[in-house]
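In the two complexes that follow, chain A is the common piece, with chain B as its partner first and chain C second.
Entry: the complex of A and B
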């Protein structure tokens, strides 16, 4: 059982490595991998695809900054945050705006597993935790 | 029994005439003594005395001596028994005295042990009571602290919730935009 799971992970990792072009995830390569899988149907195909999807999603999240905001968010602000994150991580980061009124006011930026936040909601939560 | 004695006396009467003229004969004649009869009397007395001595006095004396010996033995035995009784009484008194001393010592030891046990039990009970009291105090303090912490958390939660609702209603788009600008500058410098 453990051996089968290991084989699934290995295959998914191989597909994932084949999905890169010039050091970046390529939509064409991903489409090619999916076509190959659909055509050849390897053993435990569903598990392999799930593992591959997780890896691709993690890679996309690594290169994407989701900027949650409450209220209006101007393009210059999004661009400045994207530039700051690109500079910080040393790789091209794409900014994606996402409205979240629960923040009340302010921003929350998520890059991969990293979260940067400066919002009224976070400050209130910090206040509640401090009390 | 007297016949042989009389025969002897008659034989004695036929002594020579020369002896009749001696002093002894004159004395016997003058005092009217009949020597053969006297001799016969002496002999018969001796015989009777011997018989009596041999068959009466000697056994009686032996019996008396034996009884005297028995009496002496009895007296000695009584004395020995008396001495033994006295020794036994002394020994008994000593044993009783020793038993009394031992009994007193055992009673004292029992009292001492009982007192020690009572003291120990009292100390243990006191320690246990103090421990329970301390634990109770600690539990009360912990409960008090927990209650205060819960109350503080609940108050904070209510304050935050109220503030969030108030801010959600009161914050204008301009306020949010201004805050977003500030946050963007802050996050750009991370």
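Entry: the complex of A and C
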């Protein structure tokens, strides 16, 4: 059972490594991998694809800064955040703005597993936890 | 001056608007108290992670694609997709004197209903043991109050002495007796006002035990007045394996506080067999490779890193450990018993046969040993009980031979008679530890053949009479033995006179 799960992970990782072109995830390569899987159908194909999807999603999230904001967010601010994140992580990061009124005010930036938060909602939550 | 104020204001403004960085992950699955988490790319080994709803966890498995965390707390609220955060902190527990007299769980939360604990300091649960430079050799005695142990298998402050035996042989009773004895010694010592007196604080760690047993232990300690010097760390059978795995380390952290702050502490791990089983359960759920008896490969390190934390430190205090191991059918060569035997500085082996014969504590003199030896004994005990172990070993050998032959010479008969009297003399009821000065008096009487005329079946009764005689009528003499800790000619003469006096009153 454990070895079957390992084989799934191993195969998904191989597909994931094949999805890169010049160090970046390539949509063409991903399409190629999917076509190959469709044609050859490996054992436990659903599990393999789910594992592959997780790896691809994590990679996309690593290269994307999702900037959640409650108030208005101008293009220059988004550009400056994107530039700052690109500098910090040493790889090109694309900025994506997302409105989130639950923050009340301020920003929350998510890059992969990391979250940078400077919002009123988080400060209120910290205050509530401390009381 | 205004520039300085502006600088401070700027710093405050900078801090208050500073974004907080968090490293997060999402739960992929939760089963048997273990959560598999995607993400948490910055998590450290053994780091505390925060689950939604206030539950905490420890990252134990750092894999390529996922992190395996044991959940400490209610797992029923957790579900797939929940966000988990790193905390950047190692698991810590409250430490200090505020915990004395209290019962806490593996995380140091009170479970005795006596309200919150006002602890100001926290120690990490996992800590590297003191190195060789800071250690000092064990030379100060730690009295258990059990005559058979204090006279033949002495324990010193900073030593690790294993208590091993089958179920129902009195392992826990020996540990509890030792804690009770520390309570009694502390009371006498602190009341005496002696500035050199060093009290011993106790920590009793219950792993995988029945709740009723823990309650009974607490009641016994309370009844004996020892609870005020004791911390109870309980991870009972009803607790999840993660808590059972952590409890001994939490107890060790609490003990280390006393050691680091120049005090002496005693810690009882009851028991490490169940601790190993809890760790095996966690390891198997985390899908770690299993080895002998399905235990993971690092089960030796599990106990060695725990027991190495007990030490006597140069210029500081000490932490004495009494780990307990339960054997099956007296098999000391099983995996976990051999591991712990090799880690500790000696063992007290308890035999089922002796227990069933009514010899309690059922200490097997032949198999029990203290590697610290007489270095951890006061001179008075050495003077009166130095040859006891040899005499008892000889008695056991002769007794085995005597079963096959009826004709015995007078010398052998005398040795057998004396041996059976020593065995009777060492019988001691539970939760009734004897002060060392009284032990010296009883052993002196044995050495000077005061029990020889007494019928073997009446030795226990005679010994009780002697103890009562000394405690009620010779208190000053007992105090003198305690303070001098050695028998000079004058003291020996006084003891001889007191024993003569007792003999006259007992015979009449």
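Definition applied: the second predicted complex is superposed on the first by the 131 of 131 C-alpha atoms of A that agree within 3 Å, B and C clash if a C-alpha of one lies under 4 Å from a C-alpha of the other, contacts with A are read in each partner's own complex, and residues count from 1 in each chain.
As a convention for this text, a residue touches a chain if its C-beta (ideal position, glycine included) is under 8 Å from a C-beta of that chain, and two chains touch if they have at least 3 such contacts.
Note that the coordinates shown come from a computational prediction; the quantities given were computed from them, not determined experimentally.
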| item | value |
| --- | --- |
| Partner chain in contact with A:71 - chain B first, chain C second, else both or neither | first |
| Contacts of A:59 with chain B and chain C, given as first, second, both or neither | neither |
| Chain B versus chain C as contact partner of A:9, first or second or both or neither | second |
| Which superposed partner A:116 touches (first chain B, second chain C, both, neither) | both |
| Touching partner for A:128 - first (chain B), second (chain C), both, neither | first |
| Partner with the higher number of touched chain A residues, chain C or chain B | B |
| Residues of chain A contacting chain B in one complex and chain C in the other | 107, 109, 116, 118 |
| Of chain B, residues touching chain A in the complex | 152-153, 155-157, 159-160, 163-164, 167-168, 171, 173, 175-177, 179-184, 186-190 |
| Residue ranges of chain A touching chain C (in the complex, touch as defined) | 2, 9, 13, 51, 54-55, 58, 107, 109, 112-118, 122 |
| Chain C to chain A touching residues, read off their complex | 17-25, 38-42, 64-65, 287 |
| Interface residues, chain A side, partner chain B - complex | 69-74, 77, 80-81, 83-84, 88, 101, 104-107, 109, 116, 118-121, 124-125, 127-128, 131 |
